[in-house]
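Labels A, B, C and D are assigned to the chains in the order they are written; within every chain, residues are numbered from 1.
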């Protein structure tokens, strides 16, 4: 379909291209069907699920900031059982790589979900969200302490035969240390980054805009932080990285690849332009052509090579 | 001059209003004279100085990002001696509160500078930058480890009679822990926040835009993170906070005050609108009037009170 | 559906101090559109992307002429996004998602009562038109701040429909002085006596569709439930994706079993059965 | 000085594919302006603030008519900021900082040689005008990509000045084929023989002012130093504050003592003595 070879290998998955969509921004894969056929995507990541169903946080759950979006959805999801019963049968049939995203509030939570999701589920991989900043003591604890991060990844790894993608929180002093920890835990790949913890205050009501006070900051505003973390981590660990954080245009996506990401994922960008993933795939292809590259894989970390040459 | 009492007390200083300008964005107080008379400001914070003169990083030092700015100036400054000789005599005469900003690469650096800067220098306070993310192992180490942060503040405190303002880095897992550490060290006030570490890559040159690869992210993009940190810290420690990070309009400034800041500081916002500080002072005044407040001090942390009432 | 809507009309609507605008867009989105649905517009010059403001803005369909491939949007300049939208020139093309969501349902027969508060009137006009063409008896209860607002917000158009209008204003400068709900209550009581159900056998089958401030829709729903009149409400919530993918815009309903559930205003709504909506929630 | 410049002319300059624009602003900034200085323009609709893009854009003064309170800016649409600027309508008011920086110095007498590369020609026009009015002999050496570029970038205006023009293009489609420096070197050698200094006693005192790509200005400076001809260069660097407060825009000079020092392009420049500039630095 494309003159340039866009095939991407990550955590044992072979993706038709390096463009995924991000957990929590793409529902369960069907919502955007009218705008962007999933078969065109490298893959999709499902909304985060937890062992039990959650109603999440009260509204308002969204607040706009300069070039950014704060969200405090609070992991609303149908729960593991309902997911297996009503969602999995549909999503496993989707003609693209489908990655489930799991969150928990204890080691047991993660283990319970991982055990229930194996290769035969038809899923391509398991993204372990140890970084959701919205829920009080939610993933946060796991996501900011290297030891617990290593433990949860190791525990999950032990009970499922699916590839494990560790999704890291940017709200840490030492992102490289966190990446090394989950590598020790046996992660097959990394997702960088989740949202930055932020808040906004309503001047009229003189209270936080979000009912939950705090929310996760996403969108173009955080891209420089995300690119920096991908750059640092890709130099320190030898796991493939799914780069995300503010990607809205193909230029943004190429920036992440040049920084060292093996694939990219689009989140908030879908809200701005529901066809962003398609335009980004095309744009990456054209950028490779323009630069005489026959495979998108040649872009991975290219800026580091150029700098060190 | 203003119907509302804008007088602000912080770290023993009495400011005519709560609006300061931020270190590194306002030179040595004279550059913006044609746009904003310093006597209108609550105070100004000078460019960070180090014991020895520094040429800083190569250019390009600046890169624009969505609603943000990356800088890698690298603490270019004339050095302590030259500062005392050629700058201090001028700045001490400025008709506003003048705060010096010191950075160092060892405990001794900080102590050396603090010893040289006392009440009789005519300075109003000393802002200790333990957070400049631009210089390799620069302030970074002090700014991310609570113990060393406490040590450096204590050491500085011991050798100068000037009020000490600890300027914290946002690039940490636990900003509250850092604030508590510098409070133990004896800080009289806090400046929140310095820049977030970020980077950008040039798609044409396939290398980082900044010659230094990494830079500090400032501007409206980081405001939600800064407001969140001010909110969290003001609840945990009882030190006055100078809130900064993306303030460009009076609404932004009021947001910080409502979140718990005692004063605000304008950095990158000056680049967009060199009269921003004046408009912000007026805007804060008008907001107080509109809300029937006779003193700006009633705004401090108001959103927390409203939320908890 | 993501399309480019070409601006064919963009004008002030009523008094300038009401800050209302009328925007007519030409494009395929009109074909399948239904009253109560909305579009999500990118409020930026589509030729040069700026990410501040970032999100699209949801605006309801105020008129639908599928034959001319045109939709009419009526909106108030609220903040920065709508301010930027207001600068769109004729001929310009705006990036439009939609029609989105689930609109109002049209009864087979009987009376359709429209109850509007403030600019909640806008989406009801499209509904009135289709109901009217379908030969239903349409009745409007509309409450606004004052005469100037009602006139600015399209009163003349409504009068042109030749339907019964029950107007009220807070200051009494036009119609009854007071809240729109009082008018509705009065009329219902008149028909069937105070808080007695409209008998199934009654020759008039009444249905209510309401849009306006939450508090007002809540009151209308309560009233309708007392009189056992079916009611539909059009909810509003901050939106991210506008297609049901982000869970940013949920509202709370009570299902048959009495359990609280979340629905997506963008996908399952914005129109819901008033009986089901749980108005005062913090979950 | 921060002022609002009113757009009185804003038009395409030359072939559209050169993406050049001519912008004339009316405002007090013209009064004190000097050739070589620049302004920093807020490239956003000033009525509605957007922070993307965030920074002002520096543009040199191409013409100054203090009597009419007008400045002319010539710019190329490079990226998003200038693209947004290009949409400014006549009558609109733009937020302008300036005039900023230190401009070119005008010799008392003798010949002023202007050496331009590409759009580096723009700031030199204002200089040529004031030099011309002051009765100096002005000579232009201008190199561009091709005929179409030179014509688009204002060749006619220059010809109208009635000064000596030494044109060259990379493809030879107009003037000499090759680099502008070759023309300068040839002329200098002609005057005084290869790489010998212009004798102090020489009746012609030559001064050079150059603007263009760094590499080209570096070559011109080298040449001038060989021939002991004073040269001024106009540097370019990314800017933050544009007033000397942020140290974002530094360039490296060698001071009398031979030490490397930093100067601010925005405040101490953009014009510097070519002899002092250190071109290849990484500090």
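Please note the rule applied: a contact is a pair of C-beta atoms (placed from the backbone, for glycine too) under 8 Å apart; a residue touches a chain by one contact, two chains touch by 3 or more.
Given the structure is predicted, the values throughout are model-derived calculations rather than measurements.
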Legend entry - Maximum centroid distance from chain A, chain identifier (CA atoms): D
Inset, instruction - Looking only at C-beta pairs in contact, point me to the busier pair out of A-C and A-D. - result: A-C
Legend entry - Geometric centre distance via CA averages, chain C-chain A, whole Å: 36
Inset, instruction - Report, in whole Å, the distance between the mean C-alpha point of chain B and the mean C-alpha point of chain C. - result: 48
Inset, instruction - Find the geometric centre of each of chain A and chain B from their Cα atoms only, then give the gap between the two centres in Å, rounded to an integer. - result: 33
Inset, instruction - Two or more other chains in contact with one residue: find those residues in chain D. - result: 49, 51-53
Legend entry - In chain B, residues with contacts to at least two other chains: 66-68, 219-221
Legend entry - Chain contact topology (line, ring, star, complete or other): complete
Inset, instruction - Enumerate the contact residues on chain C facing chain B in the complex. - result: 51-52
Legend entry - For the chain B and chain A complex, residues of the former touching the latter: 65-68, 70, 144, 171-174, 196-201, 203, 205-208, 213-215, 217, 219-225, 227-228, 231, 246, 251, 254-255, 258-259, 287, 302-303, 306-307
Inset, instruction - Provide the residue numbers of chain A that touch chain D in the complex, in ascending order. - result: 66-67, 220
Inset, instruction - Name, in rising order, each residue of chain D that touches chain B in their complex. - result: 1-2, 42, 49, 51-56, 95, 97, 237-251, 260, 262, 267, 281-283
Legend entry - Partner chain D, residues of chain C touching it in the complex: 45, 48-53, 80, 83-84, 87
